[in-house]
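This report concerns only the one structure given below.
All chains are identified by letter, namely A, B, C, D, E and F, in their written order; residue positions are counted from 1 within each chain.
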Amino acid sequence: MSDFDPPMTAVRAVVRAALEEDFGTLGDLTSLAVVPADARGDGRFVARRGGVIAGTAAATEVFRQVDPSVTVSWTVVDGDAVEAGGELGRVEGAVRAILGGERTALNLLCHCSGVATLTRRFVDAVAGTGARIRDTRKTHPGLRAPEKAAVRAGGGFNHRESLSDAVLIKDNHLAHLPLPEAIELARDCWPGRVVEVECDSLEQVAEAKAVGPDLVLVDNMSPADVREAVATLGGAIPVEVSGGVDLDTVRAYAEAGADFISVGVITHSAPILDLALDLE
Amino acid sequence: MSDFDPPMTAVRAVVRAALEEDFGTLGDLTSLAVVPADARGDGRFVARRGGVIAGTAAATEVFRQVDPSVTVSWTVVDGDAVEAGGELGRVEGAVRAILGGERTALNLLCHCSGVATLTRRFVDAVAGTGARIRDTRKTHPGLRAPEKAAVRAGGGFNHRESLSDAVLIKDNHLAHLPLPEAIELARDCWPGRVVEVECDSLEQVAEAKAVGPDLVLVDNMSPADVREAVATLGGAIPVEVSGGVDLDTVRAYAEAGADFISVGVITHSAPILDLALDLE
Amino acid sequence: MSDFDPPMTAVRAVVRAALEEDFGTLGDLTSLAVVPADARGDGRFVARRGGVIAGTAAATEVFRQVDPSVTVSWTVVDGDAVEAGGELGRVEGAVRAILGGERTALNLLCHCSGVATLTRRFVDAVAGTGARIRDTRKTHPGLRAPEKAAVRAGGGFNHRESLSDAVLIKDNHLAHLPLPEAIELARDCWPGRVVEVECDSLEQVAEAKAVGPDLVLVDNMSPADVREAVATLGGAIPVEVSGGVDLDTVRAYAEAGADFISVGVITHSAPILDLALDLE
Amino acid sequence: MSDFDPPMTAVRAVVRAALEEDFGTLGDLTSLAVVPADARGDGRFVARRGGVIAGTAAATEVFRQVDPSVTVSWTVVDGDAVEAGGELGRVEGAVRAILGGERTALNLLCHCSGVATLTRRFVDAVAGTGARIRDTRKTHPGLRAPEKAAVRAGGGFNHRESLSDAVLIKDNHLAHLPLPEAIELARDCWPGRVVEVECDSLEQVAEAKAVGPDLVLVDNMSPADVREAVATLGGAIPVEVSGGVDLDTVRAYAEAGADFISVGVITHSAPILDLALDLE
Amino acid sequence: MSDFDPPMTAVRAVVRAALEEDFGTLGDLTSLAVVPADARGDGRFVARRGGVIAGTAAATEVFRQVDPSVTVSWTVVDGDAVEAGGELGRVEGAVRAILGGERTALNLLCHCSGVATLTRRFVDAVAGTGARIRDTRKTHPGLRAPEKAAVRAGGGFNHRESLSDAVLIKDNHLAHLPLPEAIELARDCWPGRVVEVECDSLEQVAEAKAVGPDLVLVDNMSPADVREAVATLGGAIPVEVSGGVDLDTVRAYAEAGADFISVGVITHSAPILDLALDLE
Amino acid sequence: MSDFDPPMTAVRAVVRAALEEDFGTLGDLTSLAVVPADARGDGRFVARRGGVIAGTAAATEVFRQVDPSVTVSWTVVDGDAVEAGGELGRVEGAVRAILGGERTALNLLCHCSGVATLTRRFVDAVAGTGARIRDTRKTHPGLRAPEKAAVRAGGGFNHRESLSDAVLIKDNHLAHLPLPEAIELARDCWPGRVVEVECDSLEQVAEAKAVGPDLVLVDNMSPADVREAVATLGGAIPVEVSGGVDLDTVRAYAEAGADFISVGVITHSAPILDLALDLE
């Protein structure tokens, strides 16, 4: 388990589902027809574009499930930046197994590396400020574990893993309930856990300050307003920014003093990193 | 089952995994703390951006699994285009159930609609030509069924569902085997099935023509070369283009006479369509 | 739950696996293309050949999983004999759902009814004797629950459900262990459970008698030897016959005084009963 | 992965379900009682009857799941014909593991070999003609992958793996739709895929010819009518025969010029091949 | 979803596994033999002993999965105290379904209520102090969700749901690492999350104070030492007590000023609450 | 497979569910933060209290699933008694893997050993009498396999594994049916299987005697009544005692002549045996 690996329990389940999806009922028709059963080969994972790598544990697991006698070795670890043309690792074994696992391994590797790469761009954009980039629960269904690990590989940090690990009070919860009372209810119900509250206005920020949540999430504010929120909270309560943040605007928010900037796009809309498996 | 629904067998499995991921062991801490168990409400799915909708069956299934007494109704069907601000549908029931299912439903709906929307842009870009946009096996692991359905909702067509439904001979298969022999092996092994062959050069196209595969996939060729490939094959064998196709170049390929243009980006890198659930 | 239904827990799992197998990733291509989403219809399950029906609960569950709004009603119950041309039941609902579930429902129904029908032939062949037909663990992997229920629908009885519910000492267990000692070990280890012992000769039968197992299984003996085994055991220990029993020989074994005749062929090699679903 | 192995993803799932079914909650009562934990042994898979072998990968997987230290080796590969009395392979390891896996391994091996053996008889019956034997979707629920692989081991070919990989328009689809229009709808919806159409009369064959499906399935016709259908389609469209085909009639259909003959009985009603595991 | 229900996603999975375990391959032999298929009845859940109820959602789900036409209604909600002889609720429907689900429903209900009841005794023992009773990760494998919900029903609070939702640095982590550095590493890696540190001595408590974790867990200390630890941390950092706490000693710890007292016994060793289902 | 191991099929499923529960989506936050990826260590399983060990196979499987390169070795086998302070075994490998699996392994080991230890106390309490201690179906949902194996490790015996392996007629079944008729129905339906009948009075015992079930279960009787029941049945039918049996009363029942005493508390309410994993 390297620092940016998702739990193997999750990796195994994701890979099993992916392989069942891709092998179907008959298997790899093409290899069965044109590749001899005893042909052996080896391939190199290479980067067609530069970026940050993530997902190697899942890619290894793919070949292990397809054929345990295939060997996979990596010259990078998750979190490494590679340049276009760089080699990431090698796979060696039965050609049918390599070709059978190729697409599934690449789908995982390219997607996770895409998440890591886009995260890294946000991280770099706020370099030198105190702000940290965080992910959200806006992940692809079934892929939260590898995506959240990829965010860390990219230098980001993980926000909630699920509805079940921290309280985050949003506008929808405050329809019929004053913010201070909501925080109090949450503190009563889940003492010893993080209670974060979303504020849509500076008034709410001031109101939140009085009750002291663990974090204040300011949603859809301008950098100027964020700066004021930070000033209001006086360093005592960390400020998280969300909503409308992109690579153009993220630094302004960071410089406004945000402690955290949570960015949905790094998981829900990251384009893949173009990686390939070249057989030799 | 509407025309663009994935099989319910697949939808149920995807939703079950997604909800287990998001509810964790304790459930929705926030709602348990601040929303009364008997509070009822209703919400509207609205489009923050315009695009093409897909994934409504999965979103409905989310609420059905969270709480069967929640009702979901749609004013759109998959494949419909909506404008920013437009309403898609409504959900009504226990507030805890609505808030508990919200993120998972949106994750599915926004992602599928993102796939459909990007597909539609490619489809529109080739309008009036005979070319059809097709997807690839470059999907998110575990999500191939809803993604392939979303491609159809966007006006695209489905290529192979898996390694198991058609033969596609690629360069990796031809390392030690002449192309005609490979096609023959595939025909012998899987008669009555589609045999497609990838050609990287016009020489290969000519060679392929002689043996008559069902489709020729020309990979990473210029539009001019595609035109020549089409001419060579003389209308007898459909031509599919892949590799290096984006919204800027797709029409040139279509006008070059391609029958199919397969585009990985519509599934592996489609940004989400920004949709929301507004509670009332 | 009728008398010959397998547990619903097992039925649901079998049907889920079967539908995932048959719907694949895209669903029913044909119906999606040629049947309107809103077309409704109804169909009749009819017998092309006469036989004994089993598997109706599983067939109902198929449609329930495909589309809960489909209604299925039966004019027979499991265990009923039908004649060629007879109607078994009806299904009504969306045509896409009916056609989508048709093959899976029939696969279950025809197979289970095939098992019940062949069982009934064995049961009829021993009518009037005291012998009872029993099944074995020679079932189709994953289908033991519906097959064992079908045996009962055919008038047979269930032998062990698994390795875990009774002791059956066979020749392989007696390689290095005298039969009496083996029975003693089994009695010590699993008191209060059935201990059955396989005997391959009349000498073994006599040896077994001394220690008193709950049942004696005589394997691959002639009817004459079975008669002698029965005489030896003097009615105190029931005798089960197995091995080399077919429809021609089964009555001779029954008349020889066997209490049970266990027949692998009724589960492992029963041809289907030809049933169909006629749409109207 | 040999040529006739089902995908390991499917094999693992089938074996897991089968072993859970057979080990139950307590395990193998008999071995626990009468076989010492440290007893080791070895056994030979032998053919009681001659036939064609299939399912060795599944049988190996059984012992791997029961106890990874058991070794299994084969002297045959799937597709080999064996004579009565011939040895197929060996298993060596803890006796408890061998006896615990024996029945499940045999259930898979005997059933798959039964499918392969019956398929081979059909294949032999049409030897010298151009006809190929194909399977259908009439498989045992949950066992389609090993059964379709066994058909290939027997020399047959695989028809659709599921509803999801090709279009097959049948009479039920044509209730309210003319055949040419149905074919057109299917072509529009699923371009680049095989579209096969079932014809119940020579009139329909002629009608089909005009629109040009990829295959024509003639259902329940006499060999004479098949010959006429073949003549009508003039070699341009392959003809598949189905319905009412048995070992007595199959050659007549083949000689009538059928390209494919699809036979449900080889999967739904194949009797097992009698194989055994003899301990030494 | 009431306040003390586990997530339905978890409940469904637990109930499915439990029913598969209890119905086996054949089903409820006894009811199949002696209860007519059409017999209907109703039963009352009653308390043989007084205690706190939990697990009603799971018990309801049991009958829903056995037979959806069974109706279950409760006169208590989770968290209610009942006296011996008190009625909890009723179940009405097919007798076979009621008897088939009885044991599984009671196993869940009695166990969860046992957890809630023992928790309540600890909660009552510290009444009037500021201390809160918390659970641990010492749960029965596969049952964490219902057990943690039952703790809340008993008036307790939930500590970590898993290794994945908060940091808890223990002695094993500090073998080669000074405590302050460990806290710093955790803060760097998981900012915005709770970091708790276990201290085995007052020196460690002082050391911890300097770096400021979110909670200090004092393990296996006397109440006197706990009092000193609380004094040291001066109210700024909450103190959690664990180790060697039972019903006799818990109040002394509470009065020593502990904010939290985490007690493994409430989940890992709670005796069941004796509840029964009386048929009428 | 040692004598007291549950089936590996069940062990694997239990461990997989337990690890998914404990690793969640992100994994072991603490180890990821403070333990280097390459740190290796070893630990000793030690007994904090004396008792009987069970569950070692499950504990081994935990580490195998977390990281196959971890090695686990045991100095005890299931069924061994250990004293407080005694070593049970060792685990060696990556520290992250050891700490990640620690809690799950201990949860299984402590619970199973708790069951074995309490069972042993009951077994010891009846030593020298002919009575055998048996378990019931009152197990923790999902954990029946390891719990029933632990009962045997403690010297007890297994009663029914499920509703599916033997008939047990209880008062609820006799509401509208005389006991003799119920036994007859069961014999007719499930010949060759154990039929046990519960009697609540000596009258019922006499009534049962006349029809001859395989066992008579006397429920909630005094030892004196049990003695009379035993006398009535005259040694011909074994007597099982259940209800209201605890460590204080069990010997009196044994001395009254009971053949079996079934005790729910050994599975449903056994406190854990306190075991720990000490890292070195």
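Going forward, a residue touches a chain if its C-beta (ideal position, glycine included) is under 8 Å from a C-beta of that chain, and two chains touch if they have at least 3 such contacts.
Just so we're clear, the structure is a prediction, and the values are computed from it rather than from any experiment.
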Chains contacting each of chain A and chain D, listed by label: B, C, E, F
Contacts common to chain A and chain C (chain labels): B, D, E, F
D-E against D-F, pair bridged by the larger set of C-beta contacts: D-F
Longest centre-to-centre distance from chain A, chain (CA-based): C
Copies chain D and chain C - interface residue numbers shared by over half, same or different: same
Equivalent-chain rotation between chain E and chain B, CA atoms, steps of 5 degrees: 120
Chain at maximum distance from chain D, centres defined as averaged CA atoms: E
Euclidean distance of C-alpha centroids - chain E vs chain F, Å: 22
Gap in Å, rounded to a whole number, between the CA centres of chain F and chain A: 43
Separation of chain A from chain E, taking each centre as the mean of its C-alpha atoms, in whole Å: 32
Numbers and ranges of chain E residues touching at least 2 other chains: 7, 21, 23-28, 32, 100, 144-145, 158, 161-162, 164-166, 190, 193
Contact graph of the chains (line, ring, star, complete, other): complete
Residue ranges of chain E touching chain B (in the complex, touch as defined): 1-3, 5-10, 13, 144-145, 148-149, 158, 161-162, 165
Residues of chain D touching chain C in the complex: 14-15, 17-18, 21-35, 39, 41, 99-100, 102-104, 106-108, 110-111, 114, 137-145, 161-170, 172-173, 175-177, 182, 185-186, 188-190, 193, 265, 268-272, 279
Touching residues (chain side chain B, partner chain D) in the complex: 7, 132, 134, 157-159, 161, 164-166, 190-194, 214-215, 238, 240, 259-260
Residue numbers on chain F that touch chain B, as the complex places them: 21, 24-25
Complex interface listing, chain C residues touching chain B: 16, 19-20, 23-28, 32, 37, 65-67, 94, 96-97, 100
